[in-house]
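Both complexes shown next keep chain A, but they swap its partner, so chain B is in the first and chain C is in the second.
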Partner chain A sequence: MTKAATTTEVQVITGVLPTTQRVAPMLSLSELSVHYGGIAALRGISLSIEVGEMVCVIGANGAGKSSLLRAIAGLVTPSAGHIAHRGVPVLMLPSFERARRGISLVPEGRGVFPRLSVQENIAIGGYARSDGAVKDDIDRIYALMPRLAERRSQLAGTLSGGEQQMLAIGRAMVSRPDLLLLDEPSMGLAPMMVQKIFEIIAEVARQGVTILLVEQNARLALRTASRAWVLEGGQISVSGPSAALAADPRVRAAYLGE
Partner chain B sequence: MDIFLQQVINGLVLGSVYALVALGYTMVYGILGLINFAHGDVVMVGAFTGLALLKALLAAGTGLPIALAGAALGAVLACGLLGVAIERIAYRPLRHAPRLAPLITAIGVSILIQYVAAILWSKQYLALPAAFTPATWQIGGASVTDLQVLIVLLAGVLMAALLWLIHGTKLGCAMRATEQNAEVAGLMGINTNRVIAATFLIGSALAALAGIMVLLYYGVAHYFMGFMLGLKAFTAAVLGGIGSVPGAMLGGLMLGLIESLASGYIGDFTGGVFGSNYRDVFAFIVLILVLVLRPAGLLGKAQGERA
Partner chain C sequence: MSEPGLSPISADRASAGAASAGPAGVGPAGAVGRRLRVSAWVIALLILPLVVDATAGRAWVRILDVSLIFALLAMGLNVVVGFAGLLDLGYIAFFAVGAYAYALLASPQFDLHLSFILLLPLGAAAAALFGVMLGAPTLKLRGDYLAIVTLGFGEIIRIFLNNLNRPVNITNGPFGITRIDPLSIGSFSLAQPHTLFGITIAPIHAYYYVLLACVAASMVICRRLQFSRIGRAWVAIREDEVAARAMGINTRNLKLLAFAIGATFGGVAGGLFAAVQGFVSPESFTLYDSIMVLCMVVLGGMGHIRGVVLGAFVLTALPELLRLTGSLQRTWFGHVWIDPADLRMLLFGLALVLMMRWRPAGIWPAPHGRVGT
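On to the complex of A and B.
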């Protein structure tokens, strides 16, 4: 938080993580489909995320980005397909069970509890933990985000949008997730605050948490993540290393405004 | 005899009971957005099971204080289970149904409980055993019984304990989080179904104790007693601001005082045309006034927060 994390630092860090190890992927989706009534939001999504990766999904409004994260977190029931977390199928588990297994979603619009204090919001992240280290983790979050420490006794609903986003990420971190799902963390925030939030996200990634980021701000997302998928009409249209996508003329035309 | 002081004392006793019952309405409304119209009947079940246990324990030769404690404990357990069962069987399958469905179901559950109680026990008024003759003290021209003091004190302790539970424990924090955003509460690893069940358990346990208080205070139990009591407690919850726990406490006490004072003075004000037998009218005058003048209630949240 004190020194600005540059994108090169992040890439070096994610680059040295042992992604070729023979372990089950952090997350694998196969042929995942989601329907709302008769309307398809996702159509046969398959992808795999390795342990320690920081990846992103970009796409336009209504492309199915939020539905993807909600299906992984257990907030919507897919109409078809499979979801495995560290090799374990989780499709039949309710959202609170998935949260307890380490899948943590920071939802679109932050989802802080407006009439709980900042302190209570952060502490509730550790609700399902029974170890004694929750307090230390809360202190670490405050050290990373001093603005929250100053406002700890304030009601969360009185925070600015950026502070609420920090709180939502901090709260998720207190659950000690191994997979962090971030839904549009930059939405509605001033550029300065967006930069701050992405510094925090980079710091979280550096601590070894696997991150799946969903963003409309494609430029920022591609700069932060190592690999990316482009979602179009509920299907993956392009995928690959972020650098390759950022150079892809189709992506540049459709999502980078060039 | 000082009528004013006497009616304040009576109003506090009545208000304590209303407040305990109103808490059950307001907690369930806060967390599910549902008016649990069967809640008044849980109070009735508390009075009936309490009465049955009391008779059995006294018949077995148990001393009065222990018999009372045993009856209260048994009623709390029975009503707690009943409340959890109502939620599990009647309301949970309708969690995502249009709002009218659980509302009508609640009325159905209410009627079901009433008539099961009528079949199990009796359609007659059942009286308390003769063992009860509360001691009476004179204070400033008014009389107060040890039972009245016990009711007000116990209600106060229960409400203080509930506030501590809601604001000072992990379960209370989970209850508040579930009330504010159940979906996100689930993302925090909170089993929201269990939190909702706990809410029904707590509300029903308070209802059981309120039922025993009513039984001891009026000396009778009747299978239909939960109807009027439930409506009045619901009025108290609306007066305080439905969904607000301190609101239910305040609304209950205020309604008890209003009802008691109004029925104490109505004879004087109307020259004897109306008497204290019109006491039930005041709760509903209050309900209409609140709904017209201040629909969110005294301590209620701003409107429109919940769709």
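On to the complex of A and C.
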């Protein structure tokens, strides 16, 4: 129901022009700031993500990467700025409303429900949906991640870190997001597993979901995403196409260890 | 409560439930077995007070009645603590609200004698309101911090009841309210013995049946809640609140709902308690009572409806059984070595330690994969 409503809103916004010419960006932030008490985590971030893009934000520990995603998902209240999702301001919406609009966060540290089975975790992803296709979507997730299908009745807390990450992404996918926010999906995983997770992320992107990825693993993030922003001390220091950033000597020195 | 969107999953669950209900639980044979077992339970529970009365004495029927009231309380607290994961140490306050709502409006205190049928929902609604009043300011608190606030809330209610006799006498203070109207529906009073099919049913037995019906209805309601969309959302909040919000769950409303529904059970139990007891005073609603109800939930099996009902029975009956050790000691040793009251605390502490070590999920834990998805 929300989905249908937002589609019409987009059409209203773009209705003046032929639809092929202009579509509201999936997400646009302007001058977004977040403070924790007196400490500024984000200072005036402005960026725009187009529909269907896969982009990333890289930065060191404490640069404000997680705060950025939390602000977009509505888990922290920004001290200033605007957030628009497909042309609609969402700043005043509580986090659960944003999730229902299609902004889905896969939290840092995965946030699976440890004492529920894999199947139950994934089913909760469909909580806010009222259409009848949840079961089909769950089957599609299992087809994409056969490992989860094997462990369907196992408790999520007993899965390996990589499997939990898969589960968190799968659970988010069942809510049929149009914007997927991934917070450090490679954190604490073995290199082989990181590879596997990024393959899944690429597959999700191919299916048309817009992805905003936040990563410390800059090399991998730049290889996967088309555009990137570098976050330093709560501000964007460098931005541009991933390839250009990967070639930028400052980025290479600071984040690629060269 | 179930929605078409998740019907395939609910169907899986239903069949899983049927399968676990009986070892032979596939097809119509399983259904017949289930029906037989349910009938056996019903008959056993119906004749239980008569058997207990004949063998152990009337005092034990009274203990059964009290157990049933505590079973209602344990189920209510289980909604808050077991389902939604909100630690509440002041739960007895809702019991107090329900009990006093009934006591004030059906006693000589204000010379009001409203009908039980009217007062039970009224007491439940009052308790639910108090549940929301406790829930609203504590929405952002979790774990220990929530526990401290709820503990304070429980004490505030009790102290209020204890002191609301001045300047205007409302609650009669520490003396409590006496001569509360007994349970009656229309002109049919449960306070007098009735004869049915040649069997005389004493008031204490009649109360048992009323309480039993309430407990049975509550078990059904709790079960429906647990496996509903609401129940699933509660479990998600219990497991990880941030992730639950990211899944589109309105955590604020659902937490308030958990407090309100939990409190409703407390209010109903309170109304019944006042009617059965005929007397209420603030002394029945201390922190100790809150902790006891929490122990029933935790020892019985948090999140498991039948578990917490069992917990209520065990923790109500055990202290009474231990009381017998006093006279046993006297006959065996000539005098009482250990005071039964001390023994009770000693064994209770020991039980808690042993449970923590060997059965952390309770005597009868919630089965895995049955958490309401």
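Heads up, the rule we're going with is that the second predicted complex is superposed on the first by the 237 of 258 C-alpha atoms of A that agree within 3 Å, B and C clash if a C-alpha of one lies under 4 Å from a C-alpha of the other, contacts with A are read in each partner's own complex, and residues count from 1 in each chain.
Simple rule for what comes next: contacts are C-beta pairs under 8 Å (C-beta built on N, C-alpha and C of every residue); 3 or more make two chains touch, one makes a residue touch a chain.
Quick caveat, the model's predicted, so the values are computed rather than measured.
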{"item": "Side-by-side fit of chain B and chain C on chain A, or clash", "value": "clash"}
{"item": "Touching partner for A:120 - first (chain B), second (chain C), both, neither", "value": "both"}
{"item": "First (chain B), second (chain C), both or neither touched by A:61", "value": "neither"}
{"item": "Touched partner set for A:153, first chain B, second chain C, both or neither", "value": "second"}
{"item": "Partner chain(s) touched by A:96 [first = chain B, second = chain C, both, neither]", "value": "both"}
{"item": "Which superposed partner A:130 touches (first chain B, second chain C, both, neither)", "value": "second"}
{"item": "If touched residues of chain A are counted for chain B and for chain C, the larger one", "value": "C"}
{"item": "First, second, both or neither for A:104, with chain B first and chain C second", "value": "both"}
{"item": "Set intersection of chain A contacts, chain C complex versus chain B complex", "value": "73-75, 94-96, 99-100, 104-105, 107, 111, 113-116, 120, 123-125, 127-128, 171, 175"}
{"item": "Chain B residues touching chain A - in the complex, by the definition given at the top", "value": "170, 173-174, 176-177, 180-181, 183-192"}
{"item": "Interfacial residue positions of chain A with respect to chain C in the complex", "value": "73-75, 94-97, 99-100, 104-107, 111-117, 119-120, 123-132, 134-135, 153, 155, 168, 171-172, 175"}
{"item": "Touch list for chain C against partner chain A, complex", "value": "3-9, 229, 232-233, 235-236, 239-240, 242-252, 368-369, 371, 373"}
{"item": "Chain A residues within the chain B interface of the complex", "value": "73-75, 94-96, 99-100, 104-105, 107, 111, 113-116, 120, 123-125, 127-128, 171, 175"}
